[in-house]
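Below is the structure I would like to discuss, written out as structure tokens.
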Amino acid sequence: MTGERLPLSDYEAIVNLALAEDIGPGDVTTRACIPVEKRAVARLVAKSDHVLCGIEVAKTIFNKLDPECTFSVGRADGESIPAGETLLVVSGNAAALLMAERTALNFLQRLSGTATLARQFVAATAGTKARILDTRKTTPGLRILQKYAVRCGGAFNHRAGLFDGVLIKENHIRAAGGIAKAIAACRANCHHLIAVEVEVATLDELDEALAAGAMIVLLDNFPPQQAAQAAARVNGRVKLEVSGGVTLENVRAYAEAGVDLISIGRLTHSAPAADISMLFDREIWG
Amino acid sequence: MTGERLPLSDYEAIVNLALAEDIGPGDVTTRACIPVEKRAVARLVAKSDHVLCGIEVAKTIFNKLDPECTFSVGRADGESIPAGETLLVVSGNAAALLMAERTALNFLQRLSGTATLARQFVAATAGTKARILDTRKTTPGLRILQKYAVRCGGAFNHRAGLFDGVLIKENHIRAAGGIAKAIAACRANCHHLIAVEVEVATLDELDEALAAGAMIVLLDNFPPQQAAQAAARVNGRVKLEVSGGVTLENVRAYAEAGVDLISIGRLTHSAPAADISMLFDREIWG
Amino acid sequence: MTGERLPLSDYEAIVNLALAEDIGPGDVTTRACIPVEKRAVARLVAKSDHVLCGIEVAKTIFNKLDPECTFSVGRADGESIPAGETLLVVSGNAAALLMAERTALNFLQRLSGTATLARQFVAATAGTKARILDTRKTTPGLRILQKYAVRCGGAFNHRAGLFDGVLIKENHIRAAGGIAKAIAACRANCHHLIAVEVEVATLDELDEALAAGAMIVLLDNFPPQQAAQAAARVNGRVKLEVSGGVTLENVRAYAEAGVDLISIGRLTHSAPAADISMLFDREIWG
Amino acid sequence: MTGERLPLSDYEAIVNLALAEDIGPGDVTTRACIPVEKRAVARLVAKSDHVLCGIEVAKTIFNKLDPECTFSVGRADGESIPAGETLLVVSGNAAALLMAERTALNFLQRLSGTATLARQFVAATAGTKARILDTRKTTPGLRILQKYAVRCGGAFNHRAGLFDGVLIKENHIRAAGGIAKAIAACRANCHHLIAVEVEVATLDELDEALAAGAMIVLLDNFPPQQAAQAAARVNGRVKLEVSGGVTLENVRAYAEAGVDLISIGRLTHSAPAADISMLFDREIWG
Amino acid sequence: MTGERLPLSDYEAIVNLALAEDIGPGDVTTRACIPVEKRAVARLVAKSDHVLCGIEVAKTIFNKLDPECTFSVGRADGESIPAGETLLVVSGNAAALLMAERTALNFLQRLSGTATLARQFVAATAGTKARILDTRKTTPGLRILQKYAVRCGGAFNHRAGLFDGVLIKENHIRAAGGIAKAIAACRANCHHLIAVEVEVATLDELDEALAAGAMIVLLDNFPPQQAAQAAARVNGRVKLEVSGGVTLENVRAYAEAGVDLISIGRLTHSAPAADISMLFDREIWG
Amino acid sequence: MTGERLPLSDYEAIVNLALAEDIGPGDVTTRACIPVEKRAVARLVAKSDHVLCGIEVAKTIFNKLDPECTFSVGRADGESIPAGETLLVVSGNAAALLMAERTALNFLQRLSGTATLARQFVAATAGTKARILDTRKTTPGLRILQKYAVRCGGAFNHRAGLFDGVLIKENHIRAAGGIAKAIAACRANCHHLIAVEVEVATLDELDEALAAGAMIVLLDNFPPQQAAQAAARVNGRVKLEVSGGVTLENVRAYAEAGVDLISIGRLTHSAPAADISMLFDREIWG
């Protein structure tokens, strides 16, 4: 995760939606009390240690409110930021900065929260072969940004959506009439660049999935010991993913059980927001 | 919070965005292995105790994938749901239900998470005059839905955005040249149905705000004891809001300090998702 | 109204709609007969005395057709312009200017018409405490621009829409089961920065509204004398607004009756358009 | 104008824009004080004599807020409505009707205003061959609806925009290098279903346009007597249009001068709004 | 067709749609293996002889992916390009160029294919008075661009859509109750800048159309000899268009039959794509 | 390809774009000469043998113009239709059917053209193991529909876009610094459900790709004999795809050379449109 740059088109729609819902027909406080030509210098400052994510999104937001604003200091996405440090300094129209503030922070705080939690899981499994993955349990509208935040934290992505990978789950198996039928149908009909993964709930289902030609198997809600049994039984023939109930406390046990992939919903559905605030520089206003 | 109904136009854009990012050019698993005319009955089931929120949003999502699906059992937003209970039964095209599943759950889990946390704060302050409020620290794109979730939890909303209430904060005061100037400008320029609230960081600033004609005062990061001092000093002349650092542990202390309003960012920025899943009924598939 | 600047996002949608409906798949006259590289200098000229409004909107329109056009002379929104004066000089691609002309004028003429009428009402009430207000009787799609035009004319805005102020009208009262119930419900449920106004049709209803805790009362279609009675009865306890049947002829009578606010639908629904035209400079083409 | 029906796609964008700007994140009055299941019957009533236009638009708006509302009485677009008559009765959810009211009226009042003024001009020229036309001086976003309103009033449309007819004006002539060049270029390059009209300011220019092959000539700001001279000189060889300065007082003089077409900007830029209001039926609420 | 420039607004929607469907949530190959700051110089090269069309569209696409890319060599739309020649050299971010490549080529190849075929038809009718026209059989979403490509090939456009010309076809005649009724209704109701064309299937219908006042007649699926008979019978009183079954082999026979207009669906529905590819310059990468 | 059903959301945007560009501000012919309440029965009829594709798209289009139209006969996508057969009978408002006709046919003709050509390639390779694939050389805006048409013809899809499969091409290799580096980077960074394909131009590059861990290899512009050599050398270790210069004449030679996948750009960039027309039933109108 060094130097990746998300194109604007990946997040412009959600940024516009967010600005519209916050500003609506106008910021009445700012319009009433801030002189229209007033300029300001604002600093975004970390109030808790975190892994930064969203700095380009924040710049986009400031630019939408003041196309002529400038950025004189900036930390990069993926950097570890200690509390108290400045993330970004922005100079521009004071009213514009005030109108952009909350929306920029709302993105930065959530994305940095996810990046921070991802890095904690990565650190907890250091030295093992296991990759930490996200899931599709993302926040509506933020899928691409959250998956980017996961990468900023040093973890990896699972598929982007229903369209770029086959994952046969319990409900598919029921509707298709069994594991073997489901796997065969996917191998026959999906394009040749897409691999087939199957979710299993027991070791017997694992055997069934292997027999039916699964390329990757997802162990659903297996405790670490059972995951180790599965890894032993598979012995490298297919990749193994675990999902369900993984915490910072037990993640290393899973990694040491020998699985290849550990996917964690809470990276995107319940990561606490990082604490970041924006301050107008006093010296500018004196 | 009885019987309120959110119009579709309030959330259709974010639902469409969420479906697009999950389904994209098609669900390859479902297309490959689910017969196109197959029908199914699915149940959304609570896996943890929570206050329900988002049931109409979920129905909307199922309807978008299968306009002829039907709902035969349904709990209402705002109800307390114990783990194990069924929230909604939906019958329809099997492929459509599978494609809608994750997006419906992503909304339900987050909104119910916020409603649940809101109710906990309300319960913690029962019997006091204090209202629990949300903030503008909402998830991008979900402002209206999250504010609705807060109401489902029995709490109240702060302003919807920058456009429907004046809240003069530290940065405004600096840019405007002082509290008195900022308040006077807002009272002169804003329409007559909008009240003026001012954020203060000390008791001295509180005095200054009162003198300048603030109608409501926000005590920023006051510990409970200091909030009590403020309440005593104000003695009912204006409404008092506290914000910053409020937790389930200390919220009652704030309420008993005599403030009128307690606003809590974590209701919308860090509420853990409720655990809800969707199951295809076995008897249907036998 | 000095120096306020409306952000582009407040009006870009309606500008795009207007350009699309006028230009559609192309200006066949211009494409047929204007050389593609031809440049021109055009002047927007007042053909009647008016208060200018919309100059930034016009610039936006010219810029959309020719991103490299330049503006060498420009009057500001809110200025009084005598007939014959130049409002704006624009240099750029001749075809682009021709394609932008009608749409730019359509905005300018309507907005200046509203600003002009607003200023006439303001002038007619000079020296009284009454504020001239607009209403929600705005032209579909032009709400924000028309409310800005009202401010350019020196008048004030009423609420922006249904979302930023409570105004309880006759139909609400019937549906809610009476004035007292309606007021109590609004005070209980609306956020603390929103005030409650009630419309009344008689002096008795005024008494009822006062008793029920209305903060502002709208006197609907009261003649000036009756408005004066209401003002005497209220004696400053609440703000009084009059609406309905206000003309340039009788507005001063209302203002002198002692009301605080006079709202006038015709500012936005029936203001005659200002007369403005665009001329290509002869010397440029010689 | 009997029975024409405008497709929804012709006006849905502007209806959505209008509803969004009025309702925004919600109608706080209605949400606070109207029970969610309350039903009502509302009547739209003419408060001034007018030619009706926009009844389908109004129905669309009520339907958007309450897809199950029903309409039990309705007058048709193009009908003359005396003050006091009911235009439409709508039954549905009370909150929905209240939220739709202002937007529905804003369309109805403006469109009926234009239809009414159009019919007055048509009546003033009864018995002559002259057609009353609109212009491109329409309200941004309302082009299609206003042109429909003109037809409802019994008048005719000029071209819909820059794309469906050639009208060579003074600025084109200057940029193209003369009338003859401009006409020749348009005849050579435009498709064979589009006719070429030229604007002239003097009788000499009229001669020049005729010599250059204009199919229709627009007499710009000719007084009636001069228009009659032009008509005599042309003697039916081309169609003649007059534009500029036409009023209800002088329109018959133009018609009797022998011109074919009289185009009138004020039909769409300055027609006063018709007075229409919505009432909840008292008996329903008793 | 020298120097015409299509405004961006005429094709931006389809460009955005095309980029979205190709790039979706990201180019996984490029993201994985191209260093984010890597720059490249790419050349678009003709691999078959063709008439170029779409060079500005291609530039727009590269600019959307890299707003700072530059173009150092460029051929113009409408030029004949021999195989092997460079059409455009673009320098910019390597990842951006790779992501834009396919979409840019997809536009260029199709539009150049249409321009090339159009020029072949024009060449085949050189020296006759007949104009080669397109039809409404265009590719969904590409109407404006394809009609521009037809002009780039030296041919002419028919009407842009249903809105800018009357063409009465068999189905209209049936629904209207006969040719005469249909023509009369169109002449009475359409604006004065729109001419009326009628499609006929036999010489008898041609007579009927002439008698009823058609201004242009479309001979539907007439073989060349019959078209010549029609031309003789009409003898210049109206314009004649032929359509249906026209090929490069028989088009000259139609032109020499004396018709004015020859419209050809395959220009836009079946023109083979031109062969164009993009190469990264080797010397840049050594 | 039996019974697959494309969700409306997959093509609604391009349908709306196509209707807008054809109908614009209104069908002037239909409005002028078709009575507004007139009903009609129309038949879509094959005028050439083809494989049908797009019947649901066509229904969508008729429904958009007349939400109450009904369909009484219908053939299914994927069926082989001989010339002369009826594809669909639609009953509804006559004006609506006329306005929908061209757009419906434009989709049907193109999609059926692609399905027809796909089936010809499939037939030409019957009995071999080779799959016929499409490419990303699709028509802008029609990607999903064209890929569906390919499936209707019995062929298979390649990846949907840049996001659901890795295909390392010459330009990537140059920018990445060689085949081995590019493959390694993709295997390390892409998610575990995505396979890595590499394009090679020579047998030496094939060896290099195999050594570097390619999972699938694309032979670019290999003649059939050279493809056979490649297949022999690979001997089943990886899948082989050929692309470039494949025609109906030589496709069987490629299939018999032993490759697994044959991708063909002309399926989507140059398939001739199928000939389909719409007729109003005479007996209905008598």
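By letter and in written order, the chains are A, B, C, D, E and F; residue numbering begins at 1 in each of them.
Just so we're on the same page, a residue touches a chain if its C-beta (ideal position, glycine included) is under 8 Å from a C-beta of that chain, and two chains touch if they have at least 3 such contacts.
As the structure is a prediction and not an experimental result, all values here were calculated from the model.
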Both-way neighbours, i.e. chains that touch subunit D and touch subunit B: A, C, E, F
Any chain that touches subunit E and subunit D: A, B, C, F
Distance-maximising chain from subunit F - centres being C-alpha averages: C
Per Cα centroids, the chain farthest from subunit E: B
Subunit B and subunit E, separation of their C-alpha mean positions in angstrom: 52
Geometric centre distance via CA averages, subunit F-subunit A, whole Å: 34
Subunit B-subunit C separation of Cα centroids, rounded to whole Å: 34
For subunit E, residues contacting two or more additional chains: 21, 23-26, 31, 35, 143-144, 160-161, 163-167, 194
Contact graph of the chains (line, ring, star, complete, other): complete
Subunit A-touching residues of subunit C, taken from the complex the two chains share: 3-5, 7, 9-10, 143-144, 147, 160-161, 163-164
Subunit A-touching residues of subunit F, taken from the complex the two chains share: 131, 133, 156-160, 163-167, 191-197, 216, 239, 241, 260-261
Interfacial residue positions of subunit B with respect to subunit E in the complex: 21, 24-25
Of all residues in subunit C, those that touch subunit D in their complex: 13-15, 17-18, 21-35, 38, 40, 42, 94-95, 97-99, 101-103, 105-107, 109-110, 113, 136-144, 160-168, 170-172, 174-176, 181-182, 185-186, 188-190, 194, 265-266, 269-270, 272-273, 278-280, 282, 285
Of subunit A, residues touching subunit C in the complex: 19-20, 23-26, 31, 35-37, 64-65
